[in-house]
Amino acid sequence: MAPLSNDRKRALRPELDALVGTDGVLSDPDELLVYESDGLTLFRALADFVVFPRSAEQVAAVVKLANREDLPFVARGAGTGLSGGCLPAEGGIVLSLMRMNRVLEVDYDNQIAVVEPGLVNLHLSWRVGPQGYYYAPDPSSQQACTIGGNIANNSGGPHTLKYGVTTNHVLGLEVVMPDGEILWLGGKTRETPGYDVTGVFVGSEGTFGIATKIVVRILKKPQAVKTVLAVFDQVEHASAAVSEIIARGLVPAAIEMIDHLTIQAVEDAFGCGYPRDAAAALLIEVDGLAVGMDAQTERIVAACRERGARDTRVARDEAERQLLWKGRKSAFGAYGRVSPAYMVMDGVIPRTKLPYVLGRVNEIVAAYGLRVGNVFHAGDGNLHPNILYDPRKPGEEARVVQAGAEIMKLCADVGGSISGEHGIGLEKADFMPFIFSAADLGVMARLKRAFNPTNLCNPGKIFPTKKSCGEVAVGYRPHPIEAKGLAQRF
Amino acid sequence: MPSTLVEKLAAVVGPDHVATGVALSPYVIEGRTPEAAVFPGTVDDVRAVLGVAAALAVPVVPWGGGTAAGVGMPTTWSGLVLGLGRLNRILEHEPGDLTVTAEAGVTIAQLQAALGAKGQWLSLDPPDADRATVGGVIAANASGPRRHLYGTARDLLIGVSVVTAEGEVVRGGGKVVKNVAGYDLPKLYIGSYGTLGIVVEATFKLRPRPDDERFVPVMLSSVKDAGAALRSVMGSDLVPTVLELLDADAARALGVTAAAALVVGFDGLTEQIDWQATELARIAAAHGGRTGAALGGGATARLATAARDACPAAASVMRLSVLPTQVAETIEHGGAAAKARGLTSAWSAHAGVGVVTAVLAAPDVARATDIAAVLGEWRGVARAGGGFATLEWAPLAVKASVPVWDDLGAAGRVMQRIKAELDPNNLLNPGRFVGGM
Amino acid sequence: MTHATTEPTAATGPLTLGGLSVEGVNQCVHCGLCLASCPTFSELGTEMDSPRGRIFLIKSLAEGRMTMSDSVVSHLSLCLDCRACETVCPAGVPYGRLIEAAKAEVERVRPGSLARRIFRWLNFGLLLRHPALLRFFALKLRFYQTSGLQRLVRATGFARLLPGTLPAWEALLPRIPAGASRAPLPRLIPADGARRARVALLEGCVQSVVFGDHNRATARVLAKNGVEVVVPAGPGCCGALNAHGGDHAGAVEMAKTTIAAFERDDVDAIVVNTSGCGAHMKAYGHLLEHDAAWAERARRFAATVQDFAEFLAREPLRGPLRPVPITVTYHDPCHVVHGQKIRRQPRELLAQIPGLTVVDLPESDWCCGSAGIYNLTQPEMATRLLERKVAHVLATGAEAVVTANPGCILQIQQGLAARGRDVRVMHIVELLDRACGP
């Protein structure tokens, strides 16, 4: 796509002004620069315009204008994403949905809410909290990230172990299609006729259109919650404890692991009460009925003890529980205390492979002369190795990218996935062949064509591209289940 | 060189695994007999069969346990029945990962037995578990009462292998419980009735088997009271796994005598179930009802089909999806609409998720006009509240006058494009699904 | 990437802006967790008006990727400096320091119109540095308010004819109390009963003129609780307003004056009842860290500074306490809750007052729009935030809003008055004074 000429830019500005108001359009280069990255600063791309629509109709009007002008467009929420998914990779228009942030309707009896995409995830729980409800998906960035962004990435969070990810909580979507048509996918009822286009739209990383209204489930707050902090002197023991808990027939709401380096960072940040000398800590939460809570907690404590926990401690009150979670949820940002930059990886492995994979991750990163902090959803096998580096040291960023690629390969090789919740975006497009064959990607491409035939809606994402940034050249590798003869490729 | 369809199929799977002639009688749908039925034993053979069908432009009707074979319109041309019963291996079950990968022809009962031996289960309980298969349950999006807490296939299926219309094997999702790499293809195939591809393998996430389980009936004096009690239970601290609302006939089929009943299921630690049962009794009393003795194993197993069992001479079965608060009203209005035309009906609902099953009984099919009128009214009731209705089963004569599937709205255009992209020659179950897809 | 932007230059030395270090920008990892905590971002939805965006602007300015354009100036100026972002920032970005450096740079590069420069000089250069002049000005202001001139100006709509932001200034003029309240405190107030501590109290500049009664009440409550209070003569303004307003040099000079004035007394703590001053004085160590002669003195001084509630809540209030049977809600001043991380203590103090009902204020730690002189320089945004605050206050049904900062009190009072609502706005010390009795 050729960059937009200054003449065309000048001509388009008043048209956009007319659609969304003069205070709803940015075209000043300094202001556009602020939008060059999301939460992953490794990638930068500059938009020609950033617009701030206030309604589905305004979104549709902007999208239609983009179509007329053959301009790419992409929606952006809070910009907390970690894969470059909301960057205008080929220029064009960024539609910031931050001014569409209302809760439109809450129906407590039917346990649903209708919200706009720019609503901050946590604000929905705040809104329905006084009535005893909450919105379950809780990405660690929930204090800032938007529900629209969660839809794009099918975001998870610590509590997905028990409650599932975003898609399990979305019933329907009003969508501005890539051609500007406004239509509903799904609705308020659990079953709607036809293919599960809602399910397919969630997690499509903004390439299928722009959700402008979202029907989500809200859940009753559990009667009781208990949070256990288990402290280990060896990471392997913590990993084994995760499997032990599952093996004892327990499904905690969350099992999170935090390693030594990460504990230093979060303790520096907020003094949350993690023991600084631990090799790893597990944060385990059970919720549900008050009855039986102690019995479940005891089972968890016993499982951790059996696998070598040095110490286990149950949070005494809500304040202590919140503090422990604050540490967990702020961990990524807290790396800012111990390193000028970090690259957060997001891979998934079968739970039982945790000890092996964590060991390998450390070896890989060490081989590149770098440091890694691990904080992740152990119960789901969703790893987040965070490679620490200094972008001002020549060559260090390139080594980080290479180490990251190796970690992704490792996840794929043990039967896992290259993303558990952050999405593919720009970052991992070239890793897709690690886990998907040409035929797999072919069906995905056809599906995309059904929604987005002109490819103006968020181009350059998800699919491997030859014109990529060129950090890593990747070839096709057989998926483990293929290697075992469980699946074949043709 | 084999030339006919049958010869070509025999060349792929061996003559023993191709059925023709009178052997096709189990595969007759709405009086239409397919040209052949073929039973591949490997994914590779499925791929080859699809290749044969594609080359000859013969439509393919995938067939699992046949439990949902009557759902939808008959295909425009029966073509070739592709039986997946021989793909019946459980490929991988790693208890520590709480995941299982199985072939499409494995029955739900077979799968649960294997998982149960390791203290785990797939938290999906469709009816006819001894016949319903993994592939069929995915294609038909079948579910049962426990979906109230544990959801449906879309909440449990984490990976799928599909053979496309062109005979390619395509994988979507993966084998790990959390995965956002690429588009969520498993969702695409759930409830697609075999119109987008043939599911050959699936990976599910599992749960540990609970210590204990109990289904408690609540007897109430009207459907309206049952609706009010339902609302109270949903707003309470209880965490039921099952929340069914039954009219008198459906309740009777379970051996429960009441004008209307709620059946509330609990699982977990026994002390948790005890506490919840006590709490439930309190809620029941507040609505003028009372709880009865826990359902026995037999009644629990029949819960999913209670309305069907109440009407052995069913003329039609309709599935309505409404908001939970509209369930009681839907049942009341729907029952009255049938009665007004001199017909009887039985109703049960996965009430907490608003999925209602209505069975219409008719003394003879000659009442087709009345039957159609009642079904039309039922659909009207669902639609008035923003819901939808699917004619799950009916004689062809009824289907001719009452559309099986509900209106797709504007989203239908997207679905049509998806179908055109993935099955461009319209060979997979053509015409069976909504909108002629 | 086809639309890659210009590469940020790999800076060699520490990043500075107008000679002040902004190296703290490198602590920002761009995670964006601060966004929803920022009042201006919440109102506008534009990332240039978010903490992460402003840090990016500051970084880009320091790296030379950007120049101080009109739009950059406007986004930096729109920052309230409420520091809510610091409370949520996991990376520990010292945002307050960064924005003060940036605002200083704005003033250096873009001093603005002659009228604005004269106004700034009048405030930062003259009134705030010379307490006597401030008192004189207050006298004139009281004359304006009591003589009927103010009513005349308002009635005739003359105020609307004033240029620029002057009408907003006029509307926000604090009510200057009668002379007795403006009189300085005695230099020593002995403790009642057993002496538990000896503290020095900051009278403040504007505070002593507009809210002298609060200082008197503070001294009474402290004394009642066994604290001997000394009131050093000499310090005028602590320099907080200068620092927030971009007058770095002035702030440094006033910090030194303040330190010198307080060093004369040997005390357990320096107690401050105005949040902006307290937060700023606690940061003297940083402000003077590169001044060899002052660095150690400043650090020692800063370590002694305590907010009034922070100090008082260390021990239970001394009884007997009188009941105060009203319903109140508590608004956290930014520079108490974010600037000094004091959230628990004022609530603990209120909880001890018999008969008092305290209801939660939604977004209690959200800036009311006062923010130093922000309501004068950015009246539109200040009004939006004030309306948000007032709506929350009214929704609580409380009879009074309790807070701990003169700016907040004036701002919220004005907002409630504009709605014609009879809800009192009180300093927490007024309430404690009532409870602790005569």
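Here the chain labels run A, B and C in written order, and each chain numbers its own residues starting at 1.
What we mean here is this: a contact is a pair of C-beta atoms (placed from the backbone, for glycine too) under 8 Å apart; a residue touches a chain by one contact, two chains touch by 3 or more.
Source: prediction; values computed, not measured.
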Chain nearest the overall Cα centroid: A
Greatest separation from subunit A - chain, by CA centre: C
Between subunit C and subunit B, distance of the C-alpha-averaged centres to the nearest whole Å: 63
Separation of subunit A from subunit C, taking each centre as the mean of its C-alpha atoms, in whole Å: 38
Centre-to-centre distance between subunit B and subunit A (centres being mean Cα positions), rounded to whole Å: 32
Touching two or more other chains - residue numbers and ranges from subunit B: none
Numbers and ranges of subunit C residues touching at least 2 other chains: none
Sites on subunit A at which at least two other chains make contact: none
Subunit A-touching residues of subunit C, taken from the complex the two chains share: 1-5, 10-11, 26-37, 41, 45-48, 52-53, 56-57, 60, 65-66, 69, 71-72, 75, 88-93
Complex contacts: residues of subunit B adjacent to subunit A: 43-44, 47, 91-92, 94-99, 101, 119, 141, 151, 154-155, 161, 164, 167-172, 174-185, 187-188, 190-192, 196, 201, 207-211, 231, 234-235, 237, 239, 268-269, 271-272, 274-276, 319, 321-325, 353-355, 386-388, 390, 405-415, 417-418, 420-422, 433-435, 437
Touching residues (chain side subunit A, partner subunit B) in the complex: 107-111, 153-154, 156, 160, 164-165, 167-168, 177, 181, 183-185, 187-197, 199-200, 202-204, 220, 222-223, 243, 246-247, 249-251, 288-289, 291-292, 295-296, 348-352, 377, 380-382, 415-424, 428, 432, 435-437, 439-444, 446-451, 453, 462, 479, 481, 486-490
Residue ranges of subunit A in contact with subunit C within the complex: 1, 3, 26, 28, 30-31, 33-41, 43-47, 52, 78-80, 88-91, 96, 98-99, 101, 118, 120, 122-123, 141, 143-145, 266, 268-270, 330-337, 340-342, 391-392, 394, 426, 460, 467, 469
